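First chain A sits with chain B, and in the next complex the same chain sits with chain C.
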Partner chain A sequence: MMAVQLWQLLDLLLAGLTLGLGWAAVSGPDLRRSVVFFIAFGLLVAVVWARLRAPDLALAEAAIGAGLSGALLLSALRDEPDAETSDDVRGGPVAALVSLAGLALAAAFAWVMIHTLGAADPVRLADQITAQLPNSGVGNPVTAVLLNFRAYDTLLELAVLLAAVLGILALGPARTPYRAAGPLLDGLIRWLVPLLILTAGYLLWAGAHAPGGAFQAGAMLAAAAVMLRLGGHTIAGLPRPPMQRILLTAGIAAFVLVGVITTGLGLAFLQYPGGWSGGLILLIEAAATLAIATTLALAYIGGRPAGWVSEGSADTTTKIGGRD
Partner chain B sequence: MSDLLGILFVLTGIAFFAAGSIGVLRLPDLHSRLHALTKADNLGLGLLCAGLAIIDGGALNAVKLFLVWVLVLAASATAAHLIAQQALRQADK
Partner chain C sequence: MLFAEITYALTGIGLFALGLRGALLRRSLLGRIIAINVCGAGVFMLFVAIAYRGPGQAPDALPHALVLTGIVVAVSATALALALGRRLRDSDHE
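Moving on, here comes the complex of A and B:
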C-alpha cells in the first residue's frame, strides 16, 4: 500500500516536472536556454514512457526526441548566432491563436480519452496483438506491429524520412564543420563510437524479442555520426556519396523488394510466407537501420557533404564550409 | 542485511547529489560550480549504482550498473573539461 502511494507521488512529481519543463522550453526569449530545457523535457518524457511500461518508446524518445533533436537544434542555433534571442516569443496575434488552438486540441483530446476509456465494451488492440503474436515471427509486440501487422505504415514512414532528407540535401552544402577535437574529447569519441555501433547492433538484434528495433538502432548509429562530426570529422564517418545514396534508400528498397516478391508468390503485398517472418523482419530492419542512421546523420550535417555534385547542374558545392 | 547495506549506499549517494546540487546553486563562479557538479555527481552516481547492485544481487546487472557509472564518469569528466576550456578561452578574449 505504501509502495503504491510512493509511486503515485513520484508520478505526480514527474508529470508536474514535465509540464514545467515544457512551459520553460517554449516561454523564454533565450533560444539556447529553450533548447536545453527541450532536451531535459525529452529525457523526462522518456522516463514517463518507461513508467507507462513502454520501453520501446522510452528508448526512441531518449535517443531521437532528446538526443538527436537536441543536437539538431543546437547546431541550427550555431548557424544563426543572431537568432539566439527571439523577441516575439510572447505576444502577437499569431502566438495567441496558436495557444488557443493548442488548448482546444488538448481539450478535445482529453474529452475523447475520457469517453473512450469509459466505453462499455472497448476493442482492445493489445489483446488482438497478443493473440496474433505467435504468428508474427518475433516475440516483441512492438516489432510485430511495426514490421508485420502494419508493415505498410512503416514502409511509408521510411518514405517520409527519405523525403525529409532529400529536402535537407536540396537546401545546400553542408554546415561548417567543427574544428578538430582536443585530445580528451578525441579519446572519448574513439572510445564511444565503437560502443555506440555495438549498442546499435544489439538493439537491432534484440528488437525481435525485447525493446529495440530499427529506429532505436538507427538513432544509436546516428549518435555515433554526430559524435564524429562534433569531433571534427567532416563527413561524420559516412561512406562516399554513391554509397550514401544506396544506404539512404536501403530501407525502402528492402521493404519493396520483399513486398514485390511476396506479391509474386501470390500472397498479399508484404504478407510474409509462413516460417519466413522472423528472417524477413530482421533483413528489413537491418536495411532500415542503415537508412535511418544515414538519414539522421545527413540531417545533422545539414546539407550535401563534399562529393554530392549532381550531373547536369552548375552545382559547385564540393567545398565544405560555404553557407551562402 | 544486504538490503540495508544497499539502502545505506543509495542514501549516501543521494547525499552527494544533494551536496552537488546545492554547490551548483550556491557557488560563485563557473569553475567552482563545475567542480561541485562533477565531483559530487560522479561519486554520488557511483554510490547509487553500487547500492542498487547490492540490492539487486545479480552479477549481470551489477556489471551493467558499473558500465553505466563508467560511461557517465567519462562523459561528464570530458564535458566538464570542455566547458571549463571554453570558459577560459572566452575569458582570454
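Moving on, here comes the complex of A and C:
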C-alpha cells in the first residue's frame, strides 16, 4: 500500500514539473530562456512516456521532441536579431481575457474527460491488436500497428514529411554553415557519429520485437547529421543532391512498390502475403529510416544545400524574392 | 479509472491550454512555435494517459502509434514553420 502511495507522489511531482516547465517555456519574456526550457520540457515529457509504459515514445521524444526540435530552435535563435526582447508576451486586459478563456476551455475539457472515462468501459482496439499480433510478422505491437495494421497511415505520414521538406527546400538556400570544429569537438564527433549510426541500425532491427523502429532509427541518423553540421560539415554528411532526392522518396517508394506488388498478387493494397510480413516490414522500415533521416537532416540545414538548383533557376528565385 | 491516467490526462489538458494561451499572446514567431509545440505535447499526453492501463498490464498500442507519428510530423511542421519565418524576415529586410 505504501509503495502505491509513493508512486502517486512521484506522479504528482512529475506532472507538476511538466506543467511548470511548460509554463516557463511558454510564458517567459526571454526567447533564449524559452528555448532552453522547451528542451528541458521535452526531456521531462520523455520521462512521462517511460512512466506511462510507452518506451517507443520515450525514445522518439528524447531524440526528436527534445533533441532535434531543440537543435532546430537553437539554430533559429541564432538568426533572431531581437532574441533578448523582454516584452515578447502580451499583457493587459487582452491577456487576462485569453487566460480566462484558456482556463474555461481546460475546465470544460477536464469535465468532459472525467465523465467519458468514468462513464463506461471504453471500447478499445488493444484486444484486437493483441489477438492479431502473432499474424503481424513482428512482436512489437507499436511496430505492428505502424507497419502492418495501419500501414496506409504510415505511408501517408511519409508523404506529409516529404511535403514538409519540399516546402523547406523551396523556401530558400541553406542556413550559413558553422565554422570547422576545434580538435576536441572534432574528436568527439569522430567517436559519436559511428556510435549513432550503429545505434540507428540496432533500433531499426530491434523495432521488430522491442521498443525501436524506423522513426527512432531515423532520428538517430539525423542526430549524427546534426553533430556533423555543428562540427562544420556544410551538408551534414548527406550525399550529393541527386542521391538526396532518391533517399527522400525511398520510404514512399518502398511502401508503394510493396503495395503494388501485393495488389498484383490479388491481395489488398499493403496486405502482406502470409509468412512474408516480417521481411517486408524490415525492408519498408529500412527505406523509411533513410527517408526520415534525410528529411530531418535537410530540415535542420533549413533549406537547399549547394547543388540543388542550377544557376538559372537560382536567378528566378532571387527575382521573386525581390518583388516582395 | 486509474490515478496515473487521470493525473497525466489532466496535465495534458493543462499543457494544451497553456500552449494555446502562449500561441495567442506571444509576439514573436519563435515563441509561438514553441507554444504550439507545448500545445501538441498536451494532446499527446492525453492520448498516452488514456492508453495506460495500470502496472503489469500492456498499454493500448494504437494511441502510441498515433503519437509516434504525431511527434515526427510535429518536428517537420516546426522545421517548415521556422523556414517560413526565416523567409518572411528576409523579405522584410529587402
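The working rule: the second predicted complex is superposed on the first by the 281 of 324 C-alpha atoms of A that agree within 3 Å, B and C clash if a C-alpha of one lies under 4 Å from a C-alpha of the other, contacts with A are read in each partner's own complex, and residues count from 1 in each chain.
One rule holds in what follows: a residue touches a chain if its C-beta (ideal position, glycine included) is under 8 Å from a C-beta of that chain, and two chains touch if they have at least 3 such contacts.
Predicted model only: the values in this text are computed from it and were never measured.
Of the two partner chains placed by the overlay, neither chain B nor chain C lies in contact with A:135.
Contacts of A:263 after superposition: neither chain B nor chain C is touched.
When the two structures are aligned on the shared chain, A:182 is found in touch with chain B, with no touch to chain C.
In the superposed three-chain model, the partner touching more residues of chain A is C, compared with the other of chain B and chain C. In the superposition on chain A, A:35 makes contact with chain C only, while chain B stays out of contact range. In the superposition on chain A, A:191 contacts chain B only, with no contact to chain C. With the contact threshold set out at the top, not one residue of chain A is in contact with chain B in one structure and with chain C in the other.
For chain A in complex with chain B, the touching residues are 182, 184-185, 188, 191-192, 195. Of all the residues in chain C, the ones that touch chain A in their complex are 1, 3-11, 13-22, 24-28, 30-31, 33-35, 37-38, 41-42, 44-46, 48-53, 58-62, 64-65, 67-69, 71-80, 82-87, 89-91, 94.
Looking at the complex, you find that chain A touches chain C at residues 7-8, 11-12, 15, 18-19, 22-23, 25-27, 31, 34-35, 38, 41-42, 45, 48-49, 51-54, 56-57, 60-61, 64-65, 68-69, 72-73, 76-77, 79-80, 82, 85, 87-90, 94-95, 98-99, 102-103, 105-106, 109-110, 113-114, 117-118, 122, 124-126, 129-130, 141-142, 144-146, 150, 153-154, 157, 160-161, 164-165, 167-168, 171-172, 175, 213, 215, 219, 292, 295-296, 299-300, 302-303, 321-322, 324. Residue ranges of chain B in contact with chain A, taken from their complex: 71, 74-75, 78, 81-82, 85.
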